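Both complexes below contain chain A, partnered by chain B and then by chain C.
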Partner chain A sequence: MTEMVKIFPPSLVALDHVSVTFREGEIHAIVGENGAGKSTLMKILYGMQPADSGDILLKGKPARFTDPGEAIANGIGMVHQEILLIPEYTIWQNVVLGLEPVKFPNRLDVKKARQQVRAKIDEFHFNLDPDAKVEDISVAARQKVEILKLLFRNVSVLIMDEPTSVLTPQEIPQLFSELKRLRDNGHTILFISHHLDEVLELSDRITVLRKGKFIGTLDAAKATKANLAQMMVGREVIFESLRLPQQPGNLVFEITDLKYTDSDKRLKLSDINLKVHSGEIVGIAGVEGNGQLELVNAIMGLVEPQTGSIRCSDVDITRLPILEKRRKVAFVSQDRANMGACTPAKITENVIMTHHRLGKRFTRAAGTVLDYRQAVAFTGEVRQMFDVQMTNGEAPFKSLSGGNQQKIILGRELLLTAPFILLDQPTRGLDVGSIEYVHRQIIAMRSSMRGMLLISADLEELFRLSDRLLVMHRGRIVADLRTESTNINEIGYLMLEGKAYEA
Partner chain B sequence: MKIIIGLINGMLTSATPILLAALGGSVTYYAGIFNIAMEGMMLGGAFFAALGSYYFQSWVVGILFAILGALVMALIFILFAVVLKMDEFITGIGLNLLSLGLTTYLVRQIDMPVTEIVPIPRIHIPGLEQVPVVGEILSGHNLVVYLTLLAVIIIHYLVFKTRYGLRLRASGYNRTCLDTSGVSANRIRVSSLLICGVLCGLAGAFLSLGVVEGFTQGMSAGKGWISLAAVILVSGSPVGIAFISLIFGFTDGLGLFLQQDLPPQFTAMVPYIATLVALFVYSMRLKKKFNA
Partner chain C sequence: MKRKILINLIGILLAFLIGAIVMLIQGKDPILAYASLFEYSLGKKFVYTLNKSVPLVLTGLSATVAFASGPVNLGQPGQLLIGALFAVIGGLYLKLPPFLMIPALLLLAMIGGALWSGIAALCKHFFRMSEFITTLMLNMIADFLTLWAISYPLFEKDANHPQTPPIATAAWMPEWGNLSSSVLVMVIAFGIIWWVMNRTTAGYEWRISGQNSLFSRLGGVNVSKNYVLVMLLTGALAGLAGGLVLMAGPHRFIKDMGANYAWDGIMIAMVANSGVFLTLIFGLFFAVLQTGATGMQLTALVPRELIQVLQAVIVLIVVAGRGYFETLFARREARRKMKGLAK
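This part shows the complex of A and B:
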């Protein structure tokens, strides 16, 4: 692939003139932080997204696929993070779907289909039972079925998007030995991962992307964790901190021994213990998918932890109803459009959400009638305090730009009287100016002695705002460090490895 | 004995249109379409069947007209629900209302004397007819009744034994998966609606050229809705649909029988009460399954 450019509106460059060469018969890992452009690059190759410019050469010939079907016909297949199979069907039915052998009159040739699938399973030593129903088999086996489905279509290039993220640690070596066997059979495997251990173990060559730019391609034999981490995270950055020295106050928020296992019995959170004091910002760093989402959901009551408690100013809020919880916790969600706001509703309506239940200001007649005049006045206050660019509170929320939407949500949440604020990626998708503004508002909240938990994928942001930094890795908190006594390389290493440098 | 034979024959007659429409609904159910337009397709089919039979003095043309009429309805459904991606439920309601209004209007404009409509013939099976009881039950039904029995077998085979069936069900389970397997889910959905149109048209033809001769306003009388209930009740299974339809047919016949003692307005409610009872039993069964 040469000179790939992909620009996501509004003016966020996902891929900036990236050129990579993949060789036949190699396992090629693509690594980089969140938002580095790994998935975008692969989706372009697979025909799921169009590129704005640039060329793809496949065996010397220009190729540009408009849909995945075309890519598969040309021998390129992709296994997604989420598995796309029909759970109600057996393995062989899933594999042959679309290429079914038939007898007259259109009758499925079950015997032949099972034979063909059996032969493919044996050819690649997959250890699957073609008659098992997909809903009854493990996630690892489903992944194998996905690979099998592509091999059945004679695909020679396999793209795997974070294949290990859905597997348990015990299942990973098996996948790796299967992928190596495929490579030895002449297949090319492109492998996206965050985990440097895996990358070094499995791949022949490694390409590093950072913020949409191509940083370099290394031979795995010559690469080390340290130099890969350096390439991924980038230059040594000195962040100017926005914080003024301030003595934290009382304990406002505490999680003890929290454990959460999801419905597929995968351990998502374990031994989570953390404390937030008033006037303190605690940052959580971690590669996406290491339990941050589950932690947020557990705090907000969207999932129920198996053990442990969440306390906020001496009240156990673990199982409180949401309205009671909202008296204690203000919450800025990373999902603006679905969780943070109701996008088709008016701006004014979005501004008073939660306030209209918790405060008496916006209702009359014992809380049954909305006082719309007060709502409009409050919208004006939020607009002024948070510098929201908008013309009319009656306009639908979705008519605002992302930055202004976020300012409205921040305004709403920060003006709640809750002593604790949960900030989940508060600046995701915002432009530099808005980020700056949001940061200053967060710091102002710190000065007024609120306690905050900040989850972010942006290390720069974490270093700028947090008093303490926690690092999450595979569902655990693996480090609790004062911001002053650590640096970005240490945090980056902890995020990827889950443990400190070994001297 | 006479009463029992009468009830069984009544059951078959009442079950046939429900069963045919429900088989159509079964195909769209497996394709993952929430299709409530069977009522409208059936009613349209009934009108055009009478029209074709009257103008061409032929029940064969009547059936062809019925199928064509219902197919036009199916095409309207396809245009809105598949091509324009509108809500299937709204499209279905619109189509049902359109069908009712249009056929009511047309039947008032076009005068079709009942005596000049050629009905679909009854089939008398030689030999079998002479056998007492069994002959009386199995022989002498309308041609469509026999076609319906055949349709149950064909639809069952189509859904569960053929390549088309595998893709059809895949479309209902997970469209994206079918699309990425290289089969257009939309084509499958379109074809399922066309099959549904054909079957509903046939059901309509049975109403206006079989049960009675001639078209009357709103003569489908909720049979399309009952067929929808049957489809949902058994999650689409063609054989299950056949059973449910026979139960409805039986209660319908029972209602007619009870008219000797009860006012007809009450007896006409029997099939619908049966629907509610069936739904209740079904929900109980589901509850048990989830609790187990």
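This part shows the complex of A and C:
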């Protein structure tokens, strides 16, 4: 692929003249942070999205697929992050769907179809029962069915979009050994990931993208985590603390024995105990999907935990209406578009949310009539205090850049007088400058003695900001360490294994 | 804002063009037809246009407030009928002087409409049934319930058609010349709705919830309470339309009365894209078309049914065009960026 450009209207440049070469029979990893353009590049190759310019050469011949069917016909297949199978069908039914062998008069040849699928399963040593229903098998097995589907269509290039994100740690090695076997059979595997360990373990060569630009391709044998990380983020990764020594104050937030089981009866949170004091930042590390989302939802009142309590400055807030919780809890969500803001609405309308109920300033006539002049004035204050680049408050929220959107949200939440602030990946998807800014604001809140719980997937962020680090693993808190007395290797090991390293 | 007006105007012009083609195929003169349409509805019959706009604007506002706030209330036809039924019952059995009678009946009509939408709200609250389905089903029940009511308990003796006796004259909407005072009620209702949506805390929460319910919930908004309020308010608006149709028009409940106003109202809300002010404008415009249809038929011999075609085409083009033009503008932006990169 040479000189690929992809622009998402109106103005997001997803790929900026990216050129990559993939060799036959290799496992080639494509790494980069969120929004680096990994998925977009692969979707273009697979014909799911058109490129705005650039060429694709397949075995020397120009190729440009307008839909995935064409790509598959040319031997390129993709396994998506989400698994797209029909749960009520058996494995062989899912695999042959669209390519069913038929016998006269135009009827499905069940015997032949099963045989063909069986043969493919044996050929690749997939440990699968063709008659099992997809809804009854594990996620890892479903993923195998997805791969099998493509192999059944004689695909020689497999694109895998973050295949490990849906797997448990135990299932990952098996997937890897299967992928390696496929490679040894001559298949080419393109593998998207942002987990450096996986990438180093599995791949032959590694391509790094950053913000839509090609940074480089290197041999996995010569790559190290440190230089890959540096290529990904574009700077030397240093875990330098931003905190000044400070004595934490009173207990402001406490969770005791929290347990939550979701509607499918899966245990999502158990034995959650944690304490946050004023002037203290408590970080929660963990691989995404280990209960962080459920913890946030339980604190905010979107889901109701079965047992346990959440207390904030000596009030039990576990089952209070959300508005009452918000007197105690400020909340910065990782999901700006759905939880953090109403993107089509005006900036002003986004700024006054929650304030319009908690602050007397914004309403008249016993809270029934909004005072727009005060709302506009408040928007101006937030703009000035948080250095937001914007034209005026009447513009829609979505017209702001990501960094400025987050500044507005931070402004809104930090100006609430709540003693406790829940920060859920507050810098997700932001550029380096905005991250710096957000970090400084968080530290300023620490100096003004607010208590904060910081959930993050970014270890660098956690080490820079947190006084204490908790590690979540499969819905439990498996470690509670002072930041000074631990290091990234220990936390990393705890995140993956759920227990301390035993030498 | 300018872009919005432009898109609406283009849609209307294209619809008229398509209407003209249809007329040409049938051998009619489109210029004469359109001229007589506007001459009739904006000229000598302008007052009738205003009268006609009352149920269109009110049911349109009902749908607009609902769509903008989240609930998909499609029950305006049923709520209108029940509103009219409540008004006719009041008009038949209450004995009050006009200055009390009229407000009392309007209130009854609103209560009737709110009751009907309230049933859908209760179904949602207790059984999690989508109002999208329940309001549609309740339309049919309202249809037959009112038909039964005017065929049996409220049937006018010796009438050869299902209808009620006339309501007390004290409940007739006064007229100034030919202009019905129901227009005044509509203008007041519009003013109140505009103010509620744009100036009150409740309206702010409704609008934000309509666009992002999760965000408002997290912000401390009581989403389920607001849902019920919006359902009741929009039901009351449609009920008010029903009461006014009855009290300004036939002064009795006649079979098939006002059947299409509410569906037109829903169309109006769709073209107006949940904008309160645009709902008023499109309500008036649809009234112009429907009143002018008679003039068109008289002068240019074009069947009045063509107006329904025209309305539908306007809805299709404006609604489809909105998405189309937005992608068009976005693409133009992308191309500009592309050139910037090439340099």
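Here, the second predicted complex is superposed on the first by the 265 of 503 C-alpha atoms of A that agree within 3 Å, B and C clash if a C-alpha of one lies under 4 Å from a C-alpha of the other, contacts with A are read in each partner's own complex, and residues count from 1 in each chain.
The criterion applied here is as follows: a residue touches a chain if its C-beta (ideal position, glycine included) is under 8 Å from a C-beta of that chain, and two chains touch if they have at least 3 such contacts.
These numbers come from a predicted model, not from an experiment.
K.L.:
Touching A:V102 in the superposition: chain B (first), chain C (second), both, neither?
P.N.:
Only chain B; A:V102 stays clear of chain C.
K.L.:
Is A:G367 in contact with chain B, with chain C, with both, or with neither (first, second, both, neither)?
P.N.:
A:G367 contacts chain C only, not chain B.
K.L.:
Is A:D52 touching the first partner chain B, the second partner chain C, both, or neither of them?
P.N.:
It touches chain C, and chain B stays clear.
K.L.:
So, does A:L85 touch the first partner chain B, the second partner chain C, both, or neither?
P.N.:
The first partner, chain B, only.
K.L.:
If we overlay the two complexes on their shared chain A, which of chain B and chain C does A:G69 touch? Say first, second, both or neither.
P.N.:
In the superposition, A:G69 touches chain B alone.
K.L.:
Taking the superposition on A as described, I'd like to know which of chain B and chain C A:R357 touches: first, second, both or neither.
P.N.:
Only chain C; A:R357 stays clear of chain B.
K.L.:
Can you tell me whether chain B or chain C touches more residues on chain A?
P.N.:
C
K.L.:
For A:Q93 in the superposed arrangement: first (chain B), second (chain C), both or neither?
P.N.:
A:Q93 sits against chain B, while chain C stays out of touch.
K.L.:
Considering only the touch criterion stated at the top, classify A:P344 as touching first (chain B), second (chain C), both, or neither.
P.N.:
It touches chain C, and chain B stays clear.
K.L.:
Where on chain C does chain A make contact in their complex?
P.N.:
199-205, 207-208, 211-212, 214-222, 327, 329-331, 333-334, 337-338, 341
K.L.:
Where on chain A is chain B touching in the complex?
P.N.:
By the definition above, chain A touches chain B via 68-69, 72-73, 84-89, 93, 97-100, 102, 105-108, 149, 153.
K.L.:
Under the definition above, what is the set of chain A residues touching chain C in their complex?
P.N.:
Touch list, chain A to chain C: 5, 7-11, 13, 16-17, 52-53, 300, 302, 321-323, 325-326, 331, 333, 338-345, 349, 353-354, 356-358, 363, 367-370, 372.
K.L.:
Which residues of chain B touch chain A in their complex?
P.N.:
161-167, 169-170, 173-174, 176-183
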